[in-house]
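So, here come the structures, one by one.
One chain, subunit A, appears in both complexes that follow, with subunit B as partner in the first and subunit C in the second.
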Partner chain A sequence: MEFETGRTPAIQITPRQRWSIAITYFLLICGFALGVNQRDSTLNQASVYSNLEAGISASYPARWLLEESGAYIFRVRDMSHRGYNTVIEVSTAPVGPDTTERNILDQLSLQRSQTLTDYSVLGYDSFRLPDESQAISMSYSYVARDASPFLEGVSSIVNGLDILAIRRGQAVIIAFRADISVYGRELETLRWFVQNLEF
Partner chain B sequence: MIALALMFRPRNITILLLLLSSIPLLAQRPGDIDIDQIKRATVFIYQVESALNDLVIKCVSSGTLISADGLIVTNAHSVLPGQQCDGDQLIVSLNVDLSEQPIPKYRAEVFSADAGLDIAVLRIARELDGRLISKGGLPILPFVEVGDSNAVAIDDNMIVAGYPDFGNQPVAIARGTVTAFVSEPIGRGPSWFKTRAEIPGAMSGGGAYDSAGRLIGIPTNAPFGGLAAAATCRYIADTNRDGLVNNSDACVPTGEFVSTVRPISHAQSLIRAARHNLKVNIATALANVPAPLHPPRASRLFFAPSVADGGPSTVVGAMPNNTKSLFLFFDYDNMTAETVYELRVTRDGIPDTTFSLPPVRWSGRESGLWHIGSREQAWANGAYEFTLLINGTSVGSKRIVVGGAAESSSQFSDIVFGTLDQSGALVGNGSILPLGDIASARFLYANMRANAPWSAIWYFSGAEVARSTDNWSDANHGAKVIKVAPNGGLQPGQYRLELYIAGALSATSDFIVAGRPAGPLPEIFTNIRHTSVDSPLAARAAPSSTSFPGSIQGLYALFDWRQIAPGTPWTLRWLVDDQAFFQATQPWLTVDSGRDLTVWIDQPPDGSYKLQLLVNNLKLAEEEVTIGIGQLPIDRLSQSEGTILSGKIIDATTRIGIPSVTIVLVSEDYAASEFLWREDQIFALATSDRNGDFQFARPLAFDTFYSMVIEADGYIPLAADEFDFSADQPYAEIEIAMAPG
Partner chain C sequence: MTSDIRFQPDLEQEDAYSILPVWRRLSALLLIMTGALLAIVLLSELLQRRFDARIEHVLSLALAPLILLAWLIIAVLPEYRAARPRRRLIGVAVLSALTASAIGLPLIEDFMRVDEWLPLQSVFQRIVGYSLSVGVVDTGLKFIVLRYLIYPQGLRVRSDGVAYALASAMGYGAFLSFALIWRLEPTLGIAAIYVLANFTIQLASAMFIALGIIESYFSDAYPLVLPSNVAVAALASGVITALLGGFLSGPLTTAGNTARPLFACAMLLASLIITFGTVYFLYSNSERREREAYMSQWNTDGI
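Let's look at the complex of A and B:
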């Protein structure tokens, strides 16, 4: 039995195709550069929040919605994100002489388990604040759904991270929540937020 | 008017191109009823029982959303745990698609209820899976405005909305007119509206609306147990787990067709309490009314042409032509809010639906004198027979003939009670007397014949204490005063006077003796004071005040009382900003004199609070305090009138809906270019669903300019100014095309 051996003939690229490939690569590089620039631009475009009464000032991404009327000092939300809107929320809680950070986080978990679907604590960790002090963090997940009962809203899996520090006899809680699909990317925003937070 | 907006920002040049098209709006002529809004606000309620990880349906009813934050008004008999409806959970189904069946969405709790009036106000409190809904966590729900049922007149058009069966059909609308009013001794205005609209039993608890689309009543029936119930209940689930659905399973009652509507005025205090989250707590000594030991009964049926101070003006055996007012009176005992009573009226042997009352819950006390009838409605001539039924059993009947010329028969009428002053004049309020030695009564007489035998019988707590019989020696017409001086003086309690002419009852009236003399009214309740502490015990020792700061934990009211006999009916009424939010009449349950009875409200909002204590509808004591700014906070979501704006967000290239996009409706004070992403600039938010559909649940005010801003990852941001809808546009739909970029 004989086997024929041979090579696949070399593909001949026309000048027009060569130009197309070059332009495609150029556009990809431009797109990447634009994306990086856009990200930096977004992070650089910051709004400033200041609350003298609470002794808190912060920078947050421009064009995020600032809210102050809930059970928090303030929160900001990325309303342009499709799906669960990434949120960073700053609140305080009273502490007693025997209260530990873990007590407060457990209390938060008990409250959330009453209202959030499939709420689950994923773990605890330490978190270094910009002033080099240590805070405690708690990560968790749950399922969120657009609340309107009259539309066909879909659920989102949300990851959350609470950073808790006790300052001047009260607990300061920075709560960060984002859709699981963008959580890793949005953590950068949280780190930037914490770097610029003063309380 | 919807405008295109091109906005340029200095650094980040963003072209906001609005590719927005307005779809023809659903026009509504001024004056039309917004049926769709009524349907959206109509909910279906399951009362279920938790059993072995299962929920068993016990009762069903319709209900109506009356606030954006999930307050529902409905019948009490189908939601309060009772003999027939013994479930422990309430499931609320919403009208998601107007042409389809309701979909279970939430769980609700009874916030306030009056079992006798058969009214309950529910609050949506949990998701369907049982999770608590945090404050503000509920989306803005469609609701209807509560109207003025006291402005309704006979022959007014009425629309009734509700679910006609066990949730198998979409919400139904029945149309009719108000054919009659029924009066009973409860509150102001009619006790019932009658209608001939065909209202299936399951629509009980739904809504009745006036010609402006405002809620004016609750269609109400009262299915009761026994053999009669079998015809109006359904076996819909295998509740005993034997693999079959048959008459061995629990039966879900619906009742017969509804022809009575409870006017919404009787629900106003319950609604007001729920709106402001006001729950009144009453000291244990006054709160627990013991259940009667004997079966309910009714006796002493008689007719009167009118009602005076809750009693009959006189007693009649016949009525002349052109009668427009007639009442049946009777004594009752051992009644409860679960008692079902019914009045069947026939005229010349033919059922008269106008003046009959189908089975309804008992709305009176445990015992007393009741009346049912109508005023300002024409009674056709004929021989009427009134038959009273309690829990489906006839307990008495009485006949009266209407027609013919007015007779000039001898008559006593208009009894009032009091005490005589030094000049011999009767003083007092007419129905409450202080303790003393002598009670006096003045009554009118007419057409009296000389030497006609007449008698007066006085009763105390149902037992005769004095009787006088004589032949008439006064004039034909006039007023007469008689008196009684029981052995040992007037004891605290309930008294009655009956006047007879020639052995026939001609007039009767009741009065109460309590308290000590103090001007025209007896002094029963004294030393009302308010404190703000954290427990009833602490309230007794705390200093009192008439003004408190906002955000207090509790408002406690204490009062002393003297010489009021156990069993005496009294009323506790609490008002905020001069509107009653709590009123309860019940027998006095503790000793006849004492101190520091306590009632309180937890976490009252700012407002002016007034506590009133009444006996026989006479206000005997009141005290007012202010909390915070002395005025209730304004509910910014209370407006129900306006344009419901909905629409669809699509990809301009593919024309496919874009899910999960947030649409910001900027308030009328700002243009889109002035929007700085602050919460206080936002009128409403909406998020598109998986099909790109969205709806702002909060209605847009008519003739007000709004702006819209949309930013979504992967699309060029949009902005538009000058959204403006007029009063003939209750609904608007828009399609928004977003260009990828």
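Let's look at the complex of A and C:
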């Protein structure tokens, strides 16, 4: 039989108990603030990438995956995201004396429309770079399927933004792509990336 | 004002028979819950048979409500046959589920975004991170529900604290399990692990909260006893959450990685046994001390 001690009901709590409740609330608030701080320090942790050959140096989120083998100088991907991984890709293309920025973007669109499903250009705009110079940007969207046809999963709608600037006879293209559900939030990461990009 | 704690022999005798004991029912519930969920995991591992996706989803969604039903049958319905029932059990469970839905889940998923930054950290950072995010939020919300619904008006005997904390854990855990299965649509075996994990985490933290409330109210313990117990509750929640991922996922090989449900089940079972063993030991110890103090007071009075 369990031992049960009864006490007179409806007793007010003592000052000691009141203190313990107040300290508990204080502890919970402090714990939550520490959690937010840990989140911010982890999310904002940066790594530095530098390529002397291409003359590019950049900071990128430390938790993102860096890749250098492909048709680009480098790209970083957020592998922790479910579904389509947000990606920032930096590449260069040679330009002739008569080539305009719009020509290069149109060429990119032509290539993508042949390989990407439901690719469509959403618009063109200007983009101010950290050195106060103007670059041109092109936003677009397409439908991305999983790389393996054997994996189950629904398609993702991907929004993309290309920022293009011509420097020393070559076009530098910063391509940013993210799932439409996180695109707005991840644009902040792109802005931070561009702010810290040197080329 | 200091409260007047008077142990009354008549009331004690009356309480012993009119208030339902809680530990035996809690043990029965845990045995049924873990037994049923482990059986589902084992069967799905051994048979390797998949139902139709829609049927499997419905069966998975039914797991959390079934655990709630078991709690209602084992712990709640018998209360209404007792002379002095714990009347707020369902209220505590419902309010805990509502706080999980309205505050807990949005805070963890949309504000803290733990899935984006914690899973790739080292084990130590995961334990600290989950304790300070998931642990603090879950424990804090359950504590607030218990504070405003039962502390002190619902506490008559020590076991009341355990019974109400159990109710809070059941409500909170049931909602989280349901929401997780609804969104991820896992296989039945993995769904059973999610349900077992959610209930284990919520029960572990709720039991430490209960211990703190009981010590604070019935023993008028030092002001740091309750916050310490709440901190341990958040830590327990963080440790189990952080370790579960590692146990559930197999090592990464060239063929990819596979889930290891049996490892996860063993880890959750060990967590349950360690947590409840510790809490029961501390509860019994404090109860024994109170009984001895009461007996010495009884003898001093010369009766």
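Quick notes on this one:
The rule is short, and it goes like this: the second predicted complex is superposed on the first by the 157 of 199 C-alpha atoms of A that agree within 3 Å, B and C clash if a C-alpha of one lies under 4 Å from a C-alpha of the other, contacts with A are read in each partner's own complex, and residues count from 1 in each chain.
Assume a contact is a pair of C-beta atoms (placed from the backbone, for glycine too) under 8 Å apart; a residue touches a chain by one contact, two chains touch by 3 or more.
In this text, all values refer to a predicted model and were calculated from it rather than measured experimentally.
Of the two partner chains placed by the overlay, only subunit C lies in contact with A:Ile21; subunit B stays clear of it. In the superposition on chain A, contact of A:Gly123 is made with neither subunit B nor subunit C.
Contacts of A:Val154 after superposition: subunit B is touched, whereas subunit C is not reached. In the superposition on chain A, A:Leu66 makes contact with subunit B only, not with subunit C.
Within the superposed three-chain model, A:Ile13 lies in touch with subunit C and out of touch with subunit B [touch as defined at top]. Contact with neither subunit B nor subunit C is seen for A:Pro94 once the two complexes are overlaid on the shared chain. Of the two partners subunit B and subunit C, more residues of subunit A are touched by C. By the touch criterion defined above, A:Asn85 reaches subunit B but does not reach subunit C. Shared contact residues of subunit A with subunit B and subunit C: 63, 79-82. Per the touch definition, subunit A reaches subunit B in the complex via residues 41, 45, 47, 62-71, 79-83, 85, 114-117, 146-154.
Residues 1-17, 19-21, 23-24, 26-28, 31-32, 34-36, 38-39, 42-43, 63, 78-82 of subunit A touch subunit C in their complex.
Interface residues of subunit B facing subunit A in the complex, by the touch rule stated above, are 11-12, 94, 96, 103, 105-106, 127, 129, 131-139, 141, 658-662, 664, 677-679, 682, 685-691, 693-695, 697, 711-714, 717. Note for the complex: subunit C touches subunit A at residues 1-8, 11-12, 14-16, 19, 21-23, 112-121, 128-129, 131-133, 135-137, 139-140, 143, 147, 151-153, 156-159, 212, 216-218, 220-227, 230-231, 234, 287, 290-291, 294.
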